[in-house]
Amino acid sequence: MCTAVIKKTRTGSYFLRNLDDSYYFKNELIITPKDYQFSLRGYDDIQVVQKYKIWGIGRVIDNFPLYFDCVNEHGLSFAGLAFSKLAYYREKDESKINLTPYELPLYLLGKCKTIKEVADEMKDISLLKMDFSDELKLTDLHFVMGDKLGNSLVIEPLKNGLVLYPGKDIVLTNAPTLKYQFFYLNNFLNLNNGNSLNSLRFTIPFSNYSYGLGAYGLPGDYSSCSRFVKANYLVKTFQDSKSYLCTVYNLFNILGQVSMPVGAVYREKEKAYETTVYSVVYALGEAVIYLRKFNYLDTIKINVDAYQNYQGKNKVVSYQI
Amino acid sequence: MCTAVIKKTRTGSYFLRNLDDSYYFKNELIITPKDYQFSLRGYDDIQVVQKYKIWGIGRVIDNFPLYFDCVNEHGLSFAGLAFSKLAYYREKDESKINLTPYELPLYLLGKCKTIKEVADEMKDISLLKMDFSDELKLTDLHFVMGDKLGNSLVIEPLKNGLVLYPGKDIVLTNAPTLKYQFFYLNNFLNLNNGNSLNSLRFTIPFSNYSYGLGAYGLPGDYSSCSRFVKANYLVKTFQDSKSYLCTVYNLFNILGQVSMPVGAVYREKEKAYETTVYSVVYALGEAVIYLRKFNYLDTIKINVDAYQNYQGKNKVVSYQI
Amino acid sequence: MCTAVIKKTRTGSYFLRNLDDSYYFKNELIITPKDYQFSLRGYDDIQVVQKYKIWGIGRVIDNFPLYFDCVNEHGLSFAGLAFSKLAYYREKDESKINLTPYELPLYLLGKCKTIKEVADEMKDISLLKMDFSDELKLTDLHFVMGDKLGNSLVIEPLKNGLVLYPGKDIVLTNAPTLKYQFFYLNNFLNLNNGNSLNSLRFTIPFSNYSYGLGAYGLPGDYSSCSRFVKANYLVKTFQDSKSYLCTVYNLFNILGQVSMPVGAVYREKEKAYETTVYSVVYALGEAVIYLRKFNYLDTIKINVDAYQNYQGKNKVVSYQI
Amino acid sequence: MCTAVIKKTRTGSYFLRNLDDSYYFKNELIITPKDYQFSLRGYDDIQVVQKYKIWGIGRVIDNFPLYFDCVNEHGLSFAGLAFSKLAYYREKDESKINLTPYELPLYLLGKCKTIKEVADEMKDISLLKMDFSDELKLTDLHFVMGDKLGNSLVIEPLKNGLVLYPGKDIVLTNAPTLKYQFFYLNNFLNLNNGNSLNSLRFTIPFSNYSYGLGAYGLPGDYSSCSRFVKANYLVKTFQDSKSYLCTVYNLFNILGQVSMPVGAVYREKEKAYETTVYSVVYALGEAVIYLRKFNYLDTIKINVDAYQNYQGKNKVVSYQI
């Protein structure tokens, strides 16, 4: 399970996400250089040439960057989140550009600067059903993107076709569809961050015995829908700051409230506890990533430019983080 | 608003708490030396002589330590949490030892090593209604204590008298009473951290579409009752670790989930947002405090012994942290 | 389990209640004549002489009326509701008038016209722990009374003593205490009967997709607390009518929404389903009872005066209904 | 707003529904004779000849029966329920049989005996966008049908086309789609009708202080989703009886719990309270309807055959009820 947010603030736009899974694994900072090229999996001879540098978190196999989340040098971001049983990838469609899900971030971030450009590109794209390898099968995903201007785009590969949701200040969690989640969110529009409104004028003792009773009913469990509602509540009540540090601090608070304390969610099939492997905040348009890792008490500030960004033509660079 | 927890783990017992208020203020590490003495406020000539060293967080006025939370060298801990409109301090009772609420931690931690000893002491104590000064009035509080063995004690000064709740793995938030909170917690005993149990055998599509649906209904708002339930759920599902670091990490996750992101709770009277001023984890029996401060991204490990602990006979020592 | 309400309306004041139990049993209309006398159980030789006629539902043993609910000719009403594990009856207290719980309705309704008079009487009363017979043990109860003026009184026999809650438009269900229930009700004061207020100004599609989203979060389960909240919501949003018939119809709707459909609540110990044995509406100050019985589709209007009300001096009259 | 249920029981299959609206209106029992014929609105010269007699509730305009709910002599039932903003009727499709929504019940019930037959018919049907008259515009509806065998079919006219949901023991309320409602229902699959399961093994006082705590969290508000969950819970926990009367009594209890007490839901636009105009239970395969009307305390048993069923060839018969 995962939670991702695109949030525009006074100090810039940010992309943030928790990556949750049933076990902890090590991650890498991956930098894909501007001159990176790759052959499209669905074709014999189409070579994609990147225009923009991309960095993010994931792992590299055979010099191919498999990003969980990433941005490009223009502040366009991308992440895939689990979308079990609903993701639908297709056979090759000759009228479209057929991209596998793991090629999609490279293709879009290598080519586009903004969500507007992405939306144009998406018109011609079909998501191809083709495993990365025999060992690495396709996983059911939907995708969220954001840009420096604070615009966002959610892409859901459904049976009926790719569905796009443009927006701002967006939250994405897991299945069901974003359309469902918005409908569901409507149930909580009576909540507020102050006192109970007492529109029905009850006169009972100890009225508003606690601050924040106006939000009574806000969900706190770990299901995809409840995290969606909680994160939206926090995005909506987010208090802007002129301090960059405070902004990052506040954004991590959103992630913290929808993260997975070990024990809180048990995955019965895997006989394992869901875990927040990492929480990350990307400052869009800057070469900075803030990272909180599982079982690590501090926040790591990654200055991407402080790493060696280039190790040869067409070579993906990665660092254990 | 505040949340406090006493938790026994494989790596020892811990006392943890969020201190929430409507504005941020700076805090001090305060060390009260073994030879500290103070005159009881309610008497002309009773001098209390401490036996044990105490440290914690708060502020010092006129060489008197006003602790928000503290421990002594034997791992006995103490914290006061807001208990609005329900706390009841009394006129002087000649049959009792009359202590003001701000003298209580000094008195108990200066004299006792364990909760068992505290329980004995409390039989003779009455909480005296006497302001610290004209500027610093009494505040409505209830109290939670824990020891190295994992035993805990909640002390509530009610109109009917002091009520004591001994226990283990205890959570305390704010008003109403702990008795009420336990009753309320009963409503959530059907929740679990796995799948929905589907005892009624519905056969509908997308059953358990998300992990963790067994906890659907767990509250996520910021009221005292909802934090009480959420923290209890997290304490109960807490996964023990043999690593000291992982334990502290997991404990901070509990605090993070019941903390106050700026904006989430608006205090209408004060026209201000509730804020988690700090989150703190005390390793009971060790001179170590882990601290997370407002608008600070890292966790501060305070080795109390690394500070100068003694600055002269009967002198309270403090450091900005 | 049971739910009772005292409600003042444009067409008069009413007392209504569901009697819920794990099995169905037949009930009787019981009329206690004005000249009825009984010896107080706790004393050797105190004879109570009734001043007012009483009628209601229950059963008669040895010419003694055991009322589940009843009223007197002046429109003063009384009902006992299950109060498991919290009811506390006492040994004889020589400074008080000691009444058993089953003598209480007779004593009060035989002597008082209004809640005000009852409140005066209660000052001197202690509830005596004495079974009706070897076969018929005491049950844990608390009590609700109402009068023609719409005033109500809840009486809870707690360990600390009898607690009285005067009020208007009151709801009573089962354990825990009314004090707890009011505290609990505070959690729902943000609800209203119109649209979602959307104070946080979300802009999402299908806003207010259903009428009544302002009440989303209102409980619908059958626990005592949830019925308390639901019935209070319905009492508060009740729409007054100048028609007597509409009033009764609306009052039965309140009862219907907190009644027990067979199957909805399973009592594990008894291996039986909780059942609404009957629902009843008393028009206070009139000799009319409206009754809905288990497995009976119509509403029975009982004109008490149409029954023979008197069958001899000091003789309790009863009819199967 | 409305709620409808198809329920198979030991004493036969039933169709039940609440018709809720913002004002009360009088209703008619309408009997459409076997020899009834009507011209299809979307065509110049197609005449539909009924094979089966139909009866139900609604009103008649120009000898055309506009049914809110109805059944035919073989126990096939039909009802339309509000489906705001989601119903999508189409322009004429030459490849289909184009029926207006108000012709649909006549067409299907005049021709089919079972849901199986209906499902076959529906393959060729398109719902035509054509008002009944200038005064009587089309309303947004979705449809639920049931047969004597207990099979049911929900028909939703969506933008993507007619969606059919075959099933048993089905509940239908209002928008959003049934697909959404089933997804939503998944959130409540941890509930049960007994005690709290306490899987996490809390040891706190007053555990299961009330019967039915296993269902804590069941919604009680009046939104379409909450009624859907509540009615499903009641259908699933329904206790079968061998008595016909008890069955009908129990079915009315389901309707009662999702009905609209006056005041509970305020429609802001109309400045009016939502009202249950009537509740009705049809015994499928029998000529009997049980009716509860607004502001009427009893249940009306309508023996359809006791009315004059035929008033001349092709003539719709109606009676104020």
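The first chain written gets the first letter, and so on, giving A, B, C and D; residue counts start at 1 in each chain.
Just so we're on the same page, a contact is a pair of C-beta atoms (placed from the backbone, for glycine too) under 8 Å apart; a residue touches a chain by one contact, two chains touch by 3 or more.
Everything quoted here is computed from the prediction, not taken from an experiment.
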item: Equivalent interface to B-C, taken from A-D, A-C or C-D so that over half of the residue contact pairs match; value: A-D
item: Same or different contact residues where subunit B meets its copy subunit A, judged by the half mark; value: same
item: Pair sharing more residue contacts (C-beta pairs) when B-D is set against A-D; value: B-D
item: Rounded Å distance between subunit B and subunit D, as computed from the means of their C-alpha atoms; value: 55
item: Mean-CA-position distance for subunit B and subunit A (Å); value: 35
item: Rounded Å distance between subunit A and subunit D, as computed from the means of their C-alpha atoms; value: 42
item: Residue list for subunit D, restricted to those that touch at least two other chains; value: 176, 183, 187, 191, 193-194, 206, 209, 213, 216-217, 223, 225, 233, 237
item: Arrangement of touching chains [line / ring / star / complete / other]; value: complete
item: Partner subunit D, residues of subunit A touching it in the complex; value: 160, 176, 180, 183-184, 187, 223, 225
item: Touching residues on subunit D, where the partner in the complex is subunit C; value: 1, 84-85, 174-176, 191, 193-195, 206, 209-213, 215-226, 230, 233-234, 237-239, 243, 245-246, 248-250, 252-254, 256-257, 259, 261-268, 273-274, 290, 294-299, 301
item: Interface residues, subunit C side, partner subunit A - complex; value: 182-183, 185-194, 196-202, 204-209, 213-214, 216-217, 232-233, 236-237
